[in-house]
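As written, the chains take the letters A, B, C, D, E and F, and residue 1 is the first residue of each chain.
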Amino acid sequence: MKQVTISKKFEFSASHRYWKPDWSDEKNKQVFGLCTSPYGHGHNYELHVTVSGTVDPVTGMIINLSTLKEIVNKIIERFDHKFLNLDTPYFKDRVPTTENIALVLFELIDERLSKRENIKLQKIRLYERHDLYVDVWRGES
Amino acid sequence: MKQVTISKKFEFSASHRYWKPDWSDEKNKQVFGLCTSPYGHGHNYELHVTVSGTVDPVTGMIINLSTLKEIVNKIIERFDHKFLNLDTPYFKDRVPTTENIALVLFELIDERLSKRENIKLQKIRLYERHDLYVDVWRGES
Amino acid sequence: MKQVTISKKFEFSASHRYWKPDWSDEKNKQVFGLCTSPYGHGHNYELHVTVSGTVDPVTGMIINLSTLKEIVNKIIERFDHKFLNLDTPYFKDRVPTTENIALVLFELIDERLSKRENIKLQKIRLYERHDLYVDVWRGES
Amino acid sequence: MKQVTISKKFEFSASHRYWKPDWSDEKNKQVFGLCTSPYGHGHNYELHVTVSGTVDPVTGMIINLSTLKEIVNKIIERFDHKFLNLDTPYFKDRVPTTENIALVLFELIDERLSKRENIKLQKIRLYERHDLYVDVWRGES
Amino acid sequence: MKQVTISKKFEFSASHRYWKPDWSDEKNKQVFGLCTSPYGHGHNYELHVTVSGTVDPVTGMIINLSTLKEIVNKIIERFDHKFLNLDTPYFKDRVPTTENIALVLFELIDERLSKRENIKLQKIRLYERHDLYVDVWRGES
Amino acid sequence: MKQVTISKKFEFSASHRYWKPDWSDEKNKQVFGLCTSPYGHGHNYELHVTVSGTVDPVTGMIINLSTLKEIVNKIIERFDHKFLNLDTPYFKDRVPTTENIALVLFELIDERLSKRENIKLQKIRLYERHDLYVDVWRGES
């Protein structure tokens, strides 16, 4: 029984700051290093969205890419060219690390894709830089 | 118990057209967009072939790469510098989407590798562009 | 005196065929190899457009990228998802090699950019694949 | 007479904002688009530094890379993990566009390298993203 | 139940030779091809280290990257700028193929990471070239 | 008057050692760092060969790529899977730095291409790693 997924890459540019308000400056610097710089710094994020499902025998597609692009781009708009700590509602109580940004993106995309039949969000991968990335997927529990 | 796979990247350049003869031109355009352009258009495809098996304690290899290259290149020859709809027998009844091309390639490579002992085709990944790829692997059923 | 250029990358997917109607099949194959395949084959082309000019002291820009994208995308539309030999008027009398496609693109972009003040098309680079590219620029004569 | 240059790539992550205080919000948005977002946004910048000179017949080098890295890294430290508008002194009166950041970096690196014999800063290239870059070099005047 | 991993890329440059002392020169050449060249040859290796664990609700991290870098860089030092056959103790009795180098690296990194709570080395990927890579992970047994 | 060049990328894997026999070990280490490791270390080199000339109005080509590949591959064979210090005659009296390897390759390729009409070796670029490269071209003198 063959499994098939299709993956599409998206990009956005954002800035963020790692900082715990209840920690001293020293502790913030010790744990977060340069990432605690007060006005933030930024990255070109690269997001890979992997969708699993059955290949439609008529169209030959798991999902029409124009549909996938419409769904994901609408979500990414909230992150693109933003300062994630202040311009989005997602990081009031959690540090915008690559892990946390990826978890938020997985939830937002999954919520939209789960409404559609025959497909499932299988995995996302989020690159903060070319040499650092986070994967999120649904595991067995 | 450690699992090991080796993956090799291959490349081919081909053209294709998304078009259902029993659909109107309007419906073809609506579903397939630019991909329904009558004389086709093309891509540089990139194929990653992942083989699993035990590492031979003598040679230190799962499979000799010259063997893998010989097998896969013979298959790829049928796709390279071709118009997939007309120059190959695989897309008479199915649209040459990335999903379908990947499924065909998995079957062709798997058929050849399954004749060899101690190795198994674990997965293939087919890139149509740098930002779009399909994975095919054997799932549990 | 410092020189400054800005370069933007664009992408399009197209197919083409190398074939001289006045040559025998043998001669076509001998000179053009696999590229003479009758229904064509394709590539993901990558186009780098380099614009020189003075940096506007107010905006800090040589050219507003939204202007550059509008100009180049309008030209690329004629090539994207096309079979270059039949879908465009540019290769009736010349083979759509990377050299010739690049020359056509240089002329088309240059014609549009030369109408604007303070900027000049300095160079284009066209990749047919990641390992093959052509540069066109204005030389001294 | 052969010319030789050596180029080394460096990376830094920073955020910035395009905004003219003497312009209305509407005009800022119209000219700068998403880049005028109030708290800034960010990028992974990639800087290529190209040095020309004679190849030392003893060491076989134009410049010892450890020297070049020491010089450039000391300059890049001022940009890495910073909000360029507020954390650096360079963009008080100019918009931190890729053009302007590249011009500043050229001056800073050139000032340091010009003190050394037998070498010359020939060019820098600054990528804001993989599809957008600025070149700065010394032209004839 | 969502699964999360973080992956960091590392690089090292090394040389190696494929050669079995108990085989004839002919057999070595037949099996190993160019890789049996007597003084060795080399590669820029790229190592991806993937760590799984729970995201700390305070820091938003699976593992602090400075910790991961310290651990892996200390191991990579033994391979970087070395001739793997003679400069390391790991390939006295096994050929330094990509498979074997990856197995050694997995063991060395796993040994260090397994001493830490809440995290687990999930996978490593080792690229010998951009078109050849080996994955090692812990499978069910 | 438009100028046109075509560039093709080639790859080879080799090892080398930076070491001056008339220097003490201390001096070798101080100048060459890790690169003086006794048995050498290696890289995946990437060579870009840029050829200028007129585009043949019949074939649409500056040079037939099969010709260029034949010429350059024959030269690269001498470097591929070799220890440059001992397996080639070119570095008896000079250190195999990226600068020197590039100068040798330029000479060897130029010697072959200069025998052909209508084309000229314009430039080569040699990458030792993705973040370090040397350009060689013919300058005015």
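The definition used in the following text is that a contact is a pair of C-beta atoms (placed from the backbone, for glycine too) under 8 Å apart; a residue touches a chain by one contact, two chains touch by 3 or more.
All figures in this text were calculated on a predicted structure; none of them were measured in a lab.
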item	value
Chains in simultaneous contact with chain B and chain D	A, C
Fewest touching-chain hops separating chain B from chain E	1
Shared chain contacts [chain D and chain E, defined touch]	A, F
Chain F against chain E, contact positions shared by both copies (same if over half, else different)	same
Over-half contact-pair match to B-E, picked out of the listed pairs A-D, A-E or E-F	A-E
Distance between the centres, which are taken as Cα means, of chain F and chain B, whole angstrom	34
Inter-chain centre distance, chain C versus chain E - centres from mean C-alpha coordinates, in Å	42
Distance between chain centroids, defined by C-alpha means - chain B, chain C (Å)	29
Touching two or more other chains - residues of chain A	130
Chains touching one another, given as label pairs in label order	A-B, A-D, A-E, B-C, B-E, C-D, C-F, D-F, E-F
Residue numbers on chain E that touch chain B, as the complex places them	18, 20, 31, 33, 94-100, 102-103, 106, 130-141
Residues of chain E defined as touching chain A within the complex	1-9, 50, 55, 57-62, 64-66
Touching residues (chain side chain F, partner chain E) in the complex	11, 13-16, 34-35, 37, 39-44, 80-83, 86-87, 129-130
